[in-house]
């Protein structure tokens, strides 16, 4: 820190450069945080709808769209999604809304989505895992990765997953969404080379239900993988996107 | 109940027959419970060493040997195993002691072990699962089943289990012991026809460790299986033995 | 694995035979997994309605009916059950729907249900345990077992269970459904010879409620039994059905 | 409160009487609390050894002996029990020490133990439950109740408990100690008229082990009973003693 | 058991007497269990409405009324209470329904409620604890005890409880209902002679909310008391009623 | 205690003074508890709406207003808030109602709110934390503290909090509301001198959701801070108010 | 931040001032963190011995002594305490070691301990709570507060606490240490004006043992208080010390 | 799968190629699994010492060394580490043993360690987090990554982490080890571009201790990161190594 401050004192750098070096971001008038995270990590600043009113979410989405050229809303119920769609629609943006996933993605007219030379596979065990896997896919795609979705490959019938192995092996990062006992991420991580991210899903009832068994299984896996929280599709997608960005950057070197 | 009592009142049956019909066992002087369970279900009355002193365990084992012709001690530490071996050894019995498993099995000189025309496969994921699987195997064998042990077939490398599938498919009941994330019982139950019993093992550290993730996974399995508690090798072996007895009896009809 | 591959290479077997040997199933165009599990284990592929939309469940049920001649939907609310009934009704099937249980069973006109020479007893402690016991009974019956339901035999009044003992003892496998403290499976398993499967039910409030005490009691039982998760009637019924199949096959040898 | 204070102000009562009415105890120089609880409720003030050094326990026991004529130490390991025995032995008291139970009871030479015209049955499921049941019995006996111990009547073999029913029914209060799945208190409470107190015991391993399943079962029991914490033999014995005192007092009216 | 059977065989007793001795109840055509528990323990067989349909509850209540002269329904929502009231009203009974408590009590025209020479105090900490305390009071009153309710005496202001101490000390058994941190039962049990039963209430939010902290506090209490599960007003009232019956019987000796 | 009683006996003090010294409060006819806590600690007696009917809350609020000149209702849903507003409005009070926070504050016409020479900072991490922080702010303000709210300073972007540091450092006590992983209280407590109170908020889903991770983090913080329960805005605000009162009193010395 | 940087750029302030304003601490060569926290908050940087080797703790203590003039080690076992005493003893410091508490405090010869015009009461329920209370007292004293310890005032006998009330009311902040059911902090907070900090202690066995019930009770308390984690004497003492510092500063204004 | 089998049948590929394509590994005589995982993913097959005897671990290590040229043992106590060192030492390998970390790494004389053009930063909050961070570093280094360790940067003093930011930002993947409240991973992930892996450490006592709060915080983080289980240094290191391998491969394209 002293070096930067000394450089500033000496007039070698300006205030903005100093602030940027010290804090990692520069401040803008229009909503410092949104622009900052996106510019820095390439992750669209997602607006988690839970715990906020539809009006609050719509306002945040509008600000995000104005500041960064896009808005990404997750875990929105229909009322919230409609509020966002309506508010953002006034701003002449293209909108991609998926009520099963609970996501709304809006791009301003002049927004150029990023495009990475890297692929993410999003693998899902069953029908009930699809919405959470879908949220992950939306996020990874917004970051710019090529996304390949592989559905309905639960371990109760091993050849379903074995048949899709070649596709999965082509990805630079793999997300595996599974609820119930969550054995699929462990099995997949034993079969591929790329980093695997487990995405436990809140299916299952009784003890260990609501994704707890699946999360515990990911934490205890005898294969190498990391995990996100139950239903945290955004985080899984964003982390896979960060890996894709690192690979894309390395390819471009 | 009225019918039995009426029959007794009418002199059609005697007291012992009535007692046996009503309660399911007859009483003997030498330790009613031991003889009863073994005679009835064919399960040797196991003496769980935990929570008892070595002297108590040794006394119970001696009684079991005298009453039923054999004794089966489980979860014994070395001091207890030695106390049992010493006490039972005086009674001129053959002794089979395994300190890794914590089991001591003693047969009186004239004891004829049962032999069933039915097989139990005991599958274990890794080295650390072997002792618990061993306890299950001991019990199933004492009940009379042919036991086939299949070790070291964890799901991190699927071909280990696929290579052994033919052996496992020959069993009439399958026990699958696994700790950590416990994915193996789910995978095996998707591959075989026979009833599968999950036997979670208390391996793994951190959240979900000590077998909790493995048990949760068994409870949430998307394959059909039932489970026993963590490390409950005795129960898994005994239940598999009961299935083997049912199959053996049907074969003999 | 090498043997199979060598046989294929040598032309001794064909591709389908090799695939079947290696993976355990053959692939069909119309929905590989449904046909596979049913043909292999005789368990109708149940469609768990929770976490799926009515339309998804109806579509899966239609596919199941077309592929395997029957469909079994579990844990359906009324909207889902109606959607299934409507969709499947178009296919000219016989439908058995029970809204208390949440099940819909459909048989195609030419479906011949299996019939096993083996019996399953489904024992329930109280009125509130009946729906979950009912789900287990439906599944065991679909597998082909003779099912005997014994209701309202909770341990608060022991003679209720003692009076029904003769009926229960005639079964080849016994399912015992109980909520609250779940003492009934332990008591029953101490009284019968056949394998007992505990089926904890999500009754009870406060600490240990929602079936947690009942499940814990099954895991800790001092009698020999295995357990399924809370309310997992399908799994209990299917496992009992697998035992019945094993006994039936042995009787037929 | 106003009445008492007015009476004191008016000189109708003295300070000690006022204090006693207001607070429920009178203060003495020699250790107010010990004498107070014992005189009031007849429960010997137990000294819980856990979390205290042997020297602290011995000092408290000596004070108890001097103040109230007796000392009751619970959950003492051998070092603590020896320290107590040694310290109290100097005071010329009769000592009853049971290392399996972890209890030390000392009576001063002139201590006259209370004697109630009321009985407490202490029922234990198995060998491992005996020490905790023993602690309860010691306490109930010190309060003055006639104590009848009924051991080894676990529910895995129902006739063990049915055979002892007449003895148990003679008690004015019943304590039922059981670990594992803890079904025994529920079964006993369905068979007797007297109030039943469940005493869960910390046996059992795995999920629900260490008495958690037994406690949960007591809380969820479909019979009427109240419970104490796992291994809380002192509390169960004291509460049964309080009931015995109430019955004894009513008999004496 | 042998004695009873021998006596029956010898013709010294009849079948009904034998059944009654062996099982603890006699069977009637009209609903064996209801009559049995009530006649034996004096506890009205409560019908827990949760987990049952209104129609099922109404049918059970009607049977209870016909068999035993009264019906006690607990934890009924308004729809269920109305169904019961309607069904039972046809039977010309007096009905006492309290929707805040969720209870419906019906007495047949010729029912003579029991009356005991013993008192139960039902103490409640705050307004939100009143309904659960009310359920306990209803049950104790139905058993025949004189019930004294002491409300709004939470420990945040100690003189509220100290002012009511004389009333509470007149009871033969004391129920203390409290949610949140549940300190009141511990404080009361330090101030009275009679047995105290803690009745934790499901108030409080966050960690330890829903009565869990209150129950934990009862289990850990440094005063002598036993506890029931969270919100288990029926059990607390019934156990207090059993103590009152024991005291009443002793007074009558 | 003896001194007070002796003084009373000697006529040196009156009954009310004695009662006040002994119990800490004096009794009034109009609702002893309300007046007592407020007069003593300066904390308005809040009426927690959860678990009470709208009518009960309105009645308590009316009493509070009459007795102490104000009423503070927390965690009220809209129906309850309306009932309170309506009931209290008849009493000609000024009302401050915030439905997002769930609070209603009413001041009687002649009520003079306290004013302290001390400041409380209420810091919130994100939008979803604002309502709980708002409840804390309302309470601290009612106690008389100057309240400074600092919103939207989550740790995902450190400069947001660093930019506001000067404002926060001016407070005599700091409340930090945060949900999710709850890192903000730890970070703030490392940056300021004043006592910090963590206020975990029930945001976040999956394992550790509903504020559990945030509370755990506060309990484990490597900075010095104390915590309240999840969403316990009232308690945090009141404790900060007590600190402000202590500081205000010291300033006035 | 911009203002500070602009001021630095303009030469109005120097680098160190800028760093101090921005980060809250200045860096020294001899161990930045120790000096920083102590100088800023007046809290001696405690060295938590758990999880570190005796050698590591001794080295950290030596550094602390050299840098700040004192060292405070907490939760040290005897080996660690001896290692610290030995290492620090070489540095010619006065040492205060308490093995029951597990603390070692060392002051350099020229260290002038702070002295505040403010008092902290440290209240403990029972003998087993004393060590944890002792740790809190050590810390508060090192910060400079006058500390008054009030021991053995558990709620099972209310007059013990009522008798000490005047002493406790003289404090500016109150710490209340209690294990088991932890009712004492709630009772005390209802009786005093000053801020109360609950300090749960890891006593008690069974469910809710190890301080969990006491912590839950603090979180759910119906009195106003904040809490620290189980056994976190250091944190409680430090927070009380921070309040004392605030009061002392206000008194000095 | 069909394509591969058809190719084999047509003689286009051999058996080994087919096996490798189908299962993902080829079988060798000397221990199929070791070689397979290492060759495929570049992760040395670690031998987890917990739950195995020293002799078993030593045997596995010897096999690993012979098969793959190296052995990596984790979580070894001193006895196990010595057994491994002794057994492996006979094989003329270079050994790197760290008893604080519990790791033993052995390289055969002719083993050429991999070297990647990619860097991993391993960040640790405090002294107690160092061993777990060390295990992660060992593994990442064995995979071939350049490892930069950044120690002692806990969030209680933010400038410690801000000062090291430039170093951390140079890494291609970042592991952040922290116990207690685990705020550091969240703070770091808000400051860097690379993927961050949280590594919770089992420090901290009381509720949320043993790393549970840290893990919960990682799962709930408002920054983007994935996590491994508590103390799972091996998994964190291996996953970071896989990312490094992906980046290295992309750089080499």
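The letters A, B, C, D, E, F, G and H name the chains in turn, as written, and every chain counts its residues from 1.
Keep in mind that, in the parts below, a residue touches a chain if its C-beta (ideal position, glycine included) is under 8 Å from a C-beta of that chain, and two chains touch if they have at least 3 such contacts.
Computed from a predicted structure; not experimentally measured.
Between chain A and chain D, the least number of touching-chain steps is 2.
Common neighbours of chain B and chain F (chains touching each): A, D, E, H.
Where the sister copies chain B and chain C meet, the same residue numbers recur on both sides for over half of the interface positions. Same interface as B-E, judged by over half of the contact pairs sharing residue numbers, among the pairs C-D, B-C or C-H: C-H. Chain centres here are Cα averages; for chain A and chain E they lie 54 Å apart.
Averaging C-alpha coordinates per chain places the centre of chain D 38 Å away from that of chain G. Chain C has residues 1, 19, 22-24, 27, 37, 156-159, 162, 190-191, 206-209, 212, 215, 219-221, 229, 232 in contact with two or more other chains.
Chains touching one another form the pairs A-B, A-C, A-F, A-G, A-H, B-C, B-D, B-E, B-H, C-D, C-E, C-H, D-E, D-F, D-G, E-F, E-G, F-G, F-H, G-H.
If you check the complex, the residues on chain D that touch chain C are 125-126, 154-158, 180-183, 186-187, 189-191, 204, 206-209, 212-223. Interface of chain C with chain E (complex): residues 100, 127-128, 156-160, 162, 179, 203, 205-209.
Chain H contributes residues 1-2, 5-6, 8-9, 11, 14-15, 18-19, 22-23, 27 to its touches with chain C in the complex. Per the touch definition, chain B reaches chain C in the complex via residues 1, 22, 24, 37, 40-43, 118, 159, 162-163, 165, 172-173, 190-191, 193-195, 197, 215, 219-221, 224-229, 232, 235-236, 238-239, 242-243, 245-248, 250-251, 253.
Within the complex, the chain C residues that touch chain A are 19, 23-25, 27, 32-33, 36-37, 48, 50-53, 56, 60, 75, 200, 202, 211-212, 215, 229-232.
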